[in-house]
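There are structures below to look over.
Common to both upcoming complexes is chain A, partnered first by chain B, then by chain C.
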Partner chain A sequence: MGGRVKIALLLAPAVGVIGVLFAGGLGAAFVQSLGYMPAIGMNEWSLDAYRQVLSDGDFLDSLALTLYVSGVSTGLSTVLAVLAALALRRSGGRVSAVVFQLPITIPHLVAAVGIALVVAQTGLGARLAAALGLIGEPGDFPALLYDRYSVGIILTYVWKEVPFIALVVLASLRGVASELEEVARTLGAGAWQRFWYVVFPVISPSVVAASLLVFAFTFGAFEVPYLLGKSYPTMLPVMAYDEYREIDLAARPGAMAINVLIALITGAVAALYLRLAGDLGRRRG
Partner chain B sequence: MGARLELENVSHRYGGDAPALEDLSLAVEPGELVALLGPSGCGKTTALKIIAGLLRPSSGDVRVGGRSVVGTAPERREAAMVFQKPLLFPHMSVARNVGFGLRMRKAPRKESESKVHEALRRVRMEGFADRAPEELSGGQQQRVALARALVTDPRLLLLDEPFSALDASLREEMRGLVLRLQREGGHTTVFVTHDQEEAVVLADRIALVFDGRLQMYEEPEAFYDRPATREVARFFGATNFIEGRAGNGSVRTPLGNLRLASAAPPGDVTLTIRPEAVRLEAGENSFDALITSAAYLGTQVHYGLETSGKSLRVALPPHVRLAVGNEVTARLPAESLWALRA
Partner chain C sequence: MDGAVGKGSRLPDAVLVVVAALVALPFVPLVLWAFAGEWRFPDLLPTAWSLRGMGYLFEPGGGVPGAAFNSLIIGVATAAASVAVGLPAGMAIGGYEWRFKGVVIFFILLPILVPPLASTMGVHVTFIRLGLADTLPGVFLVHLVPTVPYTALILAGVFAERTGELEEAARTLGASAWQAFLRVTLPGVLPGVAVAGLFAFLISWGQYVLTLLIGGGNVVTLPMLLFSAASGNDPVITSALALAFAVPAVLALVLALRVLKPGGRADLIGPGKV
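Moving on to the complex of A and B:
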């Protein structure tokens, strides 16, 4: 019993911060999304904001764009990260430290600006391509910012998230996976057999875990699409922000409804992750 | 049936450090069980990994069945290895684990199934085929690992301290199991251990390695009766060392002229005798001594003796009780004395 009390006390500060700032904020957002804002005289509880948001074409376009950007960013990052981790698994810690740990320390905001400077039609890449004669003049460089396919956003996310996933995968590759691979070798498994029957099943829970985290993050992140996204449709977090900044306070429930929906979707992804992680843990080869 | 294994002048160094293994040469006959014995860090696991192919020796040759395998990948050596940890594949059932090597060789399904069943029966795990590894105890997991290695009928069976993580009674049971399986299957086996008792119980021959060098490669009895060096003798629990000078068929020592049944090399020698071989009686090679200490160990009593400035240790059955300070007559039987080059 004494142990439990001690654990509870030690956890209290962290739980307190999470509880007040996160659950409290989310709770307040939820309450406002139901149209309950006594401060401005809105005392009626209703689902109007949700009804309105979900039937709004702008919202659905925005949702589709957000799913697309998060999905493609996550998929690309995962594939590239696994390949990078496999390539670097036998190298020393220093190489992977430089290649992987450096980008992680750089804020998303800075990364977005950096990517913009390189891939803009007036940027480094365009001028280099023009100087090399690949394109006639810098303006002929393909539009990768504020563009239909959100290439700039996806590039930023891939650049930032590949190292994150790769470090997680590397840890499991260098841990038990490499020992199991040695066992498999002495039992006659060739390189491809070892990857397919041993290494991949062993690392897949951590790959799935890391990529679901990336999906949830890119789904709810605001700064990169705000800087590099086109003006319509915008990704959901940007849309929620715009609604929030609306001078008319009556738009507030709509903004909060979008936030709650983002939270629900990322929450569903997290639940899926827990479910999958459990299944993968129990899976028979 | 296992193959003959030969190591010839095998050396290995990791990076720029001192060699982990230096000039190791030994041959293991088909079906023989050899223990690679030594303190931790002596290079024995390095040697095993070189035999398995997981490490490439810096120099020297490894031959299996008369053919060099230095350039052969581990997966084509048919040298199955059991590690210190069971390392079962966590995503496969027990039966899938055991059948892994057969699947990699694309063995027919029916044949594989019966082999897996037979292997599980031999390690007494037949009821566990569909269990997940995490549901098994450490000892059960290691038995499955053993079955997984044996099911492919490897030319070499390599065991790297496979029982060191198990508790004492389980370890004893596993030793019996390995011995039985190895005899039945006739696998040429190399067993790495730091435990001299384990080596003595299991091995046909013991290769004792210190600091990457082979010290002695003989049957277990020889390490007690005819140790090659003082270090070897000490590793096997010898504590009595008497300096002397050999000549005229006996050795002149502070305890008097001692006769040996075996030949002593001429010149300065060190005599050794095991504590349990010392007799408290008069006769050849006897002298008077003082009892300086007594320690009761349950199955034995250890006495410290002192004479002419020399200390000796004697191990006697527990019913012999002598008091510290008593004078006794001690005898070193000629057939139990062994002369080492000083």
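Moving on to the complex of A and C:
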């Protein structure tokens, strides 16, 4: 058996599954977004759905909200994760690894429900505030669910993704030469200077790569905003789902166009991530 | 080695306590509510306890055991199939050098990075035509989309660490290629296979929207029940369901940590795919 044939045969099942179910599905979504659905008598190809979606105020509101939620979730998670990893880098690695693994394992829905029971107006936080005499009625507590600023969604994402980024940072911190930090210290560098000039250049590629993954994920995820988001505007994946569920099948191309746009944006972020990850791999040798 | 940069302060311990408390925070109301009989605002703790939530979970005629069974069946089938599909791919990626490897890795990674919502809505029409929509096998098939990339990549990492020396020794001693694979390679990668299978199970177990789209409400899994409870107004039932949904995930983590060596590729787990 030739080497090339062997490799092809080994790859065939995985590439086949992803090719048919994922790439095929994306292709079908693209075709439907062009208005071509012979099954329901739509035989014309057109870009109408894209024209409509891109000039639709609802879509633009959704896009802005989605960028805001994934941007803020990613930024907050990254900063907190780097701080936590720096503080914990010298403590028992095993313990912090287990503590960080837990939220990664917990399904998003469970996290969302737990966070909601903490920050709701009758939740744990409001009860504590009442016990401290800060509020009297549940209504006095700020509305953090289904709210303008999507606080509940962002908190859920931060709770879920900080541990992921922190584990990546902890792993890359092992590549920081402590001798170098020691030299910088003897030369009179302060804590901030040591971080900025010695530690940060080593960990920044992994930090950026992990943040890109989190951004792509929060941009395209459905469950948390579906459960904790307000009804208008909704995040893009929820909007696509709602359009898809429309009984009027004429809304289908629109739903698919939103899907294709989500795939394009997350795909671009993915390409950026893979380029960075590839560079990282080469540098590690 | 510790004193190199650290000031020997207790700061890390204090931070670890704070981090652990924040990680535990959402579970506090979940556990309290699951066993609460009465818990009015502004009481800090329930004023009465009850087993209503637990009773709901285990009610023989109720929907929960059936949904848990569906989740389990789909999860186990998905894990087994993803490992079967991911093992040869992992072997090709981790064990051999060939052209266009980067392109193939990009292709296999794509469903992790691009949300599978779009592709699933795309295949839905075809699934309806093939009679796969609203069925367990249909849901199982779409669960392969987010799981196969993980099993393939985890196993690629496992194969990349093998040098092939043991296989060579077996071959020199007269073993056939197949015998060398079965007796040497397979036992060597078994821990990695177990971890890959556990992750695939976890990802399938946590799936909501793919099941919703393809199962169309006919295939009821635990997250379906949890979602409708969470949209309603009974925190006792919602919390009991959330715990029932989270516990097997935590068990799988404990198992995986036993198999996985410390400092394993955390970045492969991805940002909360579960």
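Here is the rule we go by: the second predicted complex is superposed on the first by the 247 of 285 C-alpha atoms of A that agree within 3 Å, B and C clash if a C-alpha of one lies under 4 Å from a C-alpha of the other, contacts with A are read in each partner's own complex, and residues count from 1 in each chain.
By definition in this document, contacts are C-beta pairs under 8 Å (C-beta built on N, C-alpha and C of every residue); 3 or more make two chains touch, one makes a residue touch a chain.
Here the structure is a predicted model, which means the values were calculated and not measured.
A.B. asks: Identify the partner contact of A:183: answer first if only chain B is touched, second if only chain C is, both if each is, neither if none is.
C.D. replies: Once the two structures are laid over each other on A, A:183 reaches chain B alone.
A.B. asks: Does chain C touch more residues of chain A than chain B does, or is it the other way round?
C.D. replies: If we count touched residues of chain A for both partners, the winner is C.
A.B. asks: Going by the contact rule set out at the top, does A:26 touch chain B (first), chain C (second), both, or neither?
C.D. replies: second
A.B. asks: Check the residue A:202 against both partner chains and state whether it touches chain B (first), chain C (second), both, or neither.
C.D. replies: A:202 contacts chain B only, not chain C.
A.B. asks: With the two complexes superposed on chain A, say which partner A:193 touches: chain B (first), chain C (second), both, or neither.
C.D. replies: The answer is first: A:193 touches chain B but not chain C.
A.B. asks: If you stack the two complexes on chain A, which partner ends up touching A:76: first (chain B), second (chain C), both, or neither?
C.D. replies: neither
A.B. asks: Please report the chain A residues shared by its interface with chain B and its interface with chain C.
C.D. replies: Touching chain B and chain C on chain A: residues 179, 182, 185.
A.B. asks: So in the complex, which bits of chain B are touching chain A?
C.D. replies: Result: residues 52-54, 73-81, 83, 85, 87, 89-93, 96, 100-101, 103-105, 132, 148-149, 152, 158 of chain B touch chain A.
A.B. asks: Using the touch definition from the top, list the residues of chain C that touch chain A in their complex.
C.D. replies: The contact residues of chain C facing chain A are 1-2, 4-6, 11-13, 15-16, 19-20, 22-23, 25-30, 33, 41-44, 84-86, 88-89, 91-92, 96, 98, 102, 104, 106-111, 113-123, 125-126, 129, 141-142, 144-145, 148-149, 152, 202, 205-206, 208-209, 223, 226-227, 230-231, 235, 238-239, 242, 245-246, 249-250, 252-253, 257, 262-263, 266-267, 269-274.
A.B. asks: In the complex formed with chain C, which residues of chain A make contact?
C.D. replies: Per the touch definition, chain A meets chain C at residues 3-4, 7, 9-15, 17-19, 21-30, 32, 37, 39, 84, 87-91, 93-118, 122-124, 126-128, 130-131, 138, 159-161, 163-164, 167-168, 170-171, 174, 178-179, 181-182, 185, 194, 206, 209-210, 213-214, 216-223, 226-227, 237, 240-241, 244, 255-256, 259-260, 262-263, 266-267, 269-270, 273-274, 278.
A.B. asks: Could you please specify the touching residues of chain A with respect to chain B in the complex?
C.D. replies: Residue positions touching the partner: 176, 179-180, 182-190, 193, 197-198, 201-202, 280, 282-285.
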